[in-house]
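Some structures to go through are shown next.
Shared chain: chain A. Partners: chain B in the first complex, chain C in the second.
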Partner chain A sequence: MEKLKYERPIINKIKAGVPDKYGMSTRVQIKTDIEGIPVKDIVNQYGSPVFVLSEKTIRETYQEAHRAFQSRYPKVQFAWSYKTNYLDAVCQIFHDEGSWAEVVSGFEYDKAIENGVPGNKIIFNGPDKSDADLKKAVENGSFIHIDHFDELYSLMRIVKKIGKKAKVAIRVNMDTGVYPKWDRFGFNYENGEAWNAINRIMLTENMDLVGLHTHIGTYMMTTNAYTVAAGKLADLAVKTAQKYKHHIKYIDMGGGFASKNTLKGAYLPGKDTCPSFDDYAEAITSALINSEIDPEHLPVLFLETGRALIDDAGYLIGSVLANKRLSNARRATIIDIGVNILFTSFWYEHEIYPGQACSQQTEDTTIYGPLCMNIDVIRESIQFPLLQKNDLVVIPRVGAYNMTQWMQFITLRPNVVLIDREQNLHLIRKKETNEIFKNQEIVPKHLKNKKT
Partner chain B sequence: MRRSEIQIIKEGSIKSYAQVFFSDNLTFGWLLLLVSFFDFYAGLYGLAAVLLTNVTAYLMGYDTYKIRQGTYGYNSLLVGLGIGLSFMAGWQSAIIVFIAAILTFIFTIVFEAWLGKYTLPFLSIPFLLVMWIVILSGRELTALGLSERGIYTINEIYGIGGKYLVNIYQWFEQIEKPLFLKTYFLSLGAIFFQYNILAGVLISLGLLYHSRIAFSLSLLGFGTAFVFYQLLGIDITQYGYSYIGFNYILTAIAIGGFFLIPNKYSFLWVIILLPVVVLISLSAGEILKIYQLPVYSLPFNIVVLSFLYFIKLRQRYDRIPLQEVIVQFNSPEKNLYYYQQASKRFKWLSYFPMYLPFLGKWTVSQAENGAYTHQGDWKYAWDFIMNDYQNKQFKNTGDFLIDYYCFDKNIVAPSDGTVVSVVNNIDDNTIGDVNLLQNWGNSVVIKHTEYLYSQVSHLKKGSIVVKKGTVVKKGDLLAHCGNSGRSPYPHLHFQLQATPYIGSPTISYPISHYIRHAHHKFELHSYDKPVLNDVVSNMETTELLIKAFKFIPGQKLQYEFNGKKVNWEVKTDYYNNTYIYCAETQSYAYLYNDGQVHYFKSFSGDKKSGLYYFYLALYQIPLGYYQDMIINDQFPPNVIIDKHKMFLQDFIAPFWLPYQADYQMKFVAVDDELYPGKIEIKAQLDLLRWQKVYRQLNFEIHINEQGISQITSEAIRLILQPEPVKQLKNELFA
Partner chain C sequence: MKIKSNIAISDNGFMFDPYSGDSYNLNATAVAIIKLLKEEKTRDEIIEDFVRKYDVDTFTFEQNLDDFLAMLNHYDLVEQSS
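Moving on, here comes the complex of A and B:
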């Protein structure tokens, strides 16, 4: 039998009163393994902190989402939102499942091409597309989602010059009844800019208006917004068909589906309040099917879901660096995971699980990251068990955005490993070294350190 | 009369001769016409009767198609021949021929209508009745005088062809011939009232030219009768018996290959039935002897009509595949090859289109004759669930309905129809529980056509969006998948039935088209039934393919065929068959398109024309692009294989086909899967001898927005000549 672990003594107020149906207090959940592999072994092999991704979860989540839409709408196509997680291994899993690529910059575009995605299966979004990017996209037959008139004018110039037809869609923003209104991207529906853009495109030679796109927001907690948005896009499609006898080939509903994380300030946990894929699918497909669109020309439904497809598949393992008591007697635990690599801790109340067995005693604890910065707080307040230095912690649902928005700040970015379906570990991104940074830097001659 | 009218009468009259042997072959008709003139007056009277009948039929306004086919003429022809032979030539007998031909035609129409009610043919009943009437009355009409012709044959032949022909005739008669062949030829000649071997030989050659199957049947039928006579100990060579020998031949052709699709069973029935024909011949002869009437074709008529009616009244057609000919091509070969095609390819003829009642990919968890509940009256049903890649049907622990992938998914109408029953208020069971009291759970029954209803069951409570009386179209939302009734876990029950009640006994009915998914591979199943563990979905059509294969009557197609311009036109006939017609080469390619698959049905005309290659390359094309999907099909051998090879094949075709022509197509490439603008298809034609490929033709087919833009193979190039496209956009912003 393993020796019982030492835990520091604590004094807790006795909670009087009748136990509710769940008993007296919250049980501490622990996470000692990921997909059957002990977290201890992963840390021993790849160090701490370390990102872990589960291929099985990625595929299962994708298939669940796909199934939800495919069983409700005849033609559905997902496009993997590169910015959510563009580790090549992750992209390849999605492409293997049948996803296209949705990119928002020249860098992402090239990445998609390097990942072997054919040009005609790339959707090019975003407000920043250089002339060179646009030219490449036109030549590859990619779908260009135009964000603003200046981009439209650039594109008109480019297609005229190279004499090749561009496949374009416009990005439309609109009031879907949620606050805040997202009107930053694309052309507005209510003020007529979207219709104006459509008319200009329709009257331009060498431009084929193939789609309509919207991205109504992120982390949408209500499906009704999608019903409204799909309805408005359908209206534009119907108007275009009426005026030009031109049938829009696809409607892209963007992303924005919530994952099961809990937003800061939310009253109930995200896993209880966020809609399921079936809920989103029902809202979107019903709106399209019930619209005035001619059923013979029902457009393909595109989805650029990122977060909801990958969040659950990512874990971040770290270890405790120190415990301390704050001035107000509150306990604080410092772990080696900082906001520099867990960027989403600015938005989410991340769950944090101990990575080994512990007692059910907890203390109200603040969890700090390792950075020498006041803002480096992972959780302001959490009922946390009494861990010691070098104990492991596991943060689930970190698959989205962290591995793209992370910063090299104070520390270097850690290893990322993937657990495949046969439970093999693969290192998919090596941790950074000083060498990498040195290579990028150039010190002017006069500042080179001379031997003194 | 206009030229076209004369053409109808002429063609119909020649074909009337061939129709005696159930043929519409003009050459055979001309040959028989020639043979009938072996007896000049008989031939003349026969021809007069035919012409008279066909002109009357035309003037009286009867079906032009049937006149042209010779359907109305052949009974009169036989009457004319019969009178010509039985009576002395002269104006009196000419008048009798006139009257008799009219009467025959009246009888023809009457019997056609009367027997037509039972979908039976009128065969030679009009001839039989009229001949008897004429013979019975002829005894009173002394002016007519009985003819002695047919007895002094050589005199007559001398009269026609002089000494030269007599020499040939005598030489021929003197050749040592086996008894069997001699009586066979005599019997064959007797059909045209020519009781001589030369006529028989010519007719048998004509028959062989017209149809190998009919020829072998004539030998089989006559042979069986011959053996039976031997067994009974009767000498068939006696004049009276061999004169009615044609009954055996005609019965054999009618039963063995003309009214039924020739196969081993039809041949077996010929062997069984011929002794019957012999017995009827003998017995009828005894009765008719009293009135001094010849038997003529009475046994043939009795046996063929009785047997055809007999097999129509079967309840099950599948135990012994004895198939009546539905589309009559007037040739046993064509009937056989068409039927072989039709039974495999043209199943839309017998089934109402039926699709899967859902969107997306579902897995069959219980198929027909399933292990759990699909038994007895309810054996023709399917249960569907949704699985993930590990073949698990739920996520998490599977303790709750929402854990199941199929739960709450959309259930849609499998085909057009009207909702006739709805139950929507039965609670969904918790996992593992079953409701045996309301075992169908929430259900919808749709009426598609008479005696065809579909039922979906175990739906989610309160999810049904249709009402009794709602008219639904294929793919309309009905409800959501649930877990009500006898359902321990969420699944969809789908069945087809003949009555409108929930839980009616099921009927065996195939799904028109569906895609079976197996490891990123796609298989198109047409008129088939999914089996256990199949992962299936409806076929999603591709607009580009739909557009390319939409041939609208009146549409003109212009192609460049090996550098030469060819013009085709899409037409339809009054049976609603669409075909592409090439006026230059007089070629026809018939097609069928059910909205999901394009088929070429048949081709006739010039086999060097561009249209022929068009037909070969595009024999069957599914209208939904599925990468690397392969379709296999077979051509009717008579369209593809060389004539001389087919001549030999025809003899054994009812039993086995040594020469075959296989078709295979594959979707190769698409420029844009989402919205294809260009699709490339490869098609392959394999000619097989004893199942080994001896010739191969490979086609590359390109399809674009303009249509089927290019078909190329080793030998040919077909390139679409586009119509000038109207310029829609202007240079406003340029």
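Moving on, here comes the complex of A and C:
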């Protein structure tokens, strides 16, 4: 006799509530493959957990963003934000698509050079540039975005000493009507600090003020803030042209475009509420075109968006380690993906899909990571189907920041693989080993071989 | 373990507890367990019955059953032994 199909028994209390016109589908979606490759096969080959990146999605997303701006503004240049994901394979895809490099440290700068990016196609941002970094950037003809007066004066000393002209821009912070105001980076627009910096640069020999830069925040849900910001940078460019007959060559609007992830506390999913590339492009380009900038000297528009270009291309596959009941009878599922490798779970309600066919029966579940730490919570509350130990789960939209902000904490960082456009799998970052960490440590002689 | 006598359950998994006024949704395997409990089958008898009829091994079912019985207890749907 053929046996009946088994599904673990479940009882759910029916909770009556006010009907919600925004009600979401309650159907359990599963994700059994990534670009046609079964997640089971990826785990069999590369272990669990494992990060998976899609080259096709990276390229398509870049092209969509580029098209949105290029179709509205004559001169557009993207620069890949290294801090968002600086795996060399990822950087190479963006450079191949035409992106320059946008770096924020000496480490990232050297990475860009090693990736074959010419010095004059590197934008050097951030508050931390050593004198050696600045000297290197000047000699390579990179674009140095000055963050504060201390850096400006350091650079003045360096160019005087080496007698070479530096190509510089200033980072400008401003009130764009959004909270929080990112005033810790750059020179303030409203109090006149940015204009002072421009004047100081214009009166310095060996400094060529080529650009103006701003980066108004992160995960910006409103495009209007970009209109305000572009307008304020355009005003500075116009004032500079009027006073010095000097035309700013580029305006760098930074990044901060939202990805389709859902922020914690958001009522509706990010994929339904975040502005599109077209929305951002319209806000920025119309502000520049409608400004008082002389059309004969329209600056190049630089964009450094990171998150929105890579988030969708990343997946994290993991496995169920255990199911348990909490003291209030709530279900808890422990998976082998912790906050140490999924850093973005601190601010996103990540979607989580079963990696195999499963029951449509769900329970309100808390999903924990494997770390022996109370903060290791991937989802506090999710209607999740009943998975058994070793079942697979897939978390989409993890391409941004996780592979740079991850921590070696309690466990080792896992393999990262890339699916190319022909659906071949490539290992692009090897799983770490105990040896790697042992090699970095030095035990003083008097503490060696102590018997316990 | 004994299910409270006047708890009503339909074949498609809708359960009503007249003591509390609460309603519950159950899946097919849960309905089957409730029926066995109503027939006053013991835990071991339920396990034997399930492993014979369903595509499940003893360890998995035993674990799932205990979890389910704990939920019945949590929702106060079983007679408390005196």
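Basically, the second predicted complex is superposed on the first by the 430 of 452 C-alpha atoms of A that agree within 3 Å, B and C clash if a C-alpha of one lies under 4 Å from a C-alpha of the other, contacts with A are read in each partner's own complex, and residues count from 1 in each chain.
FYI, a contact is a pair of C-beta atoms (placed from the backbone, for glycine too) under 8 Å apart; a residue touches a chain by one contact, two chains touch by 3 or more.
Everything numeric in this text was worked out from a predicted model, so none of it was measured.
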First, second, both or neither for A:Asn12, with chain B first and chain C second: second
Once the shared chain is lined up, is A:Gln63 touching chain B (first), chain C (second), both, or neither of them? first
Based on the superposed arrangement, let me know which partner A:Arg200 touches: chain B (first), chain C (second), both, or neither? first
Looking only at contacts as defined up top, I'd like to know whether chain B or chain C touches more of chain A. B
Can A:Ser359 be said to touch chain B (first), chain C (second), both, or neither? second
With both complexes overlaid on chain A, does A:Ala329 touch chain B (first), chain C (second), both or neither? second
Chain B versus chain C as contact partner of A:Lys3, first or second or both or neither: second
Which superposed partner A:Gln388 touches (first chain B, second chain C, both, neither): second
Give me the intersection of chain A's contacts with chain B and its contacts with chain C, in residue numbers. none
Using the touch definition up top, name the residues of chain C that touch chain A in the complex. 15, 22-30, 32-33, 50, 53-56, 60-61, 64-65, 67-68, 70-72, 74-75
Quick one: which bits of chain A touch chain B in the complex? Just the residue numbers, please. 59-60, 63-64, 67, 70-75, 77, 120-121, 141, 156, 160, 200, 202-205, 210, 249-250, 276, 278, 289, 297, 300
Residues of chain A defined as touching chain C within the complex: 3-14, 323, 325, 329, 359, 361, 388
Please name which positions on chain B make contact with chain A in the complex. 358-361, 386, 388-389, 395, 402, 405-406, 408-410, 475, 477, 540, 543, 671-675, 729-734
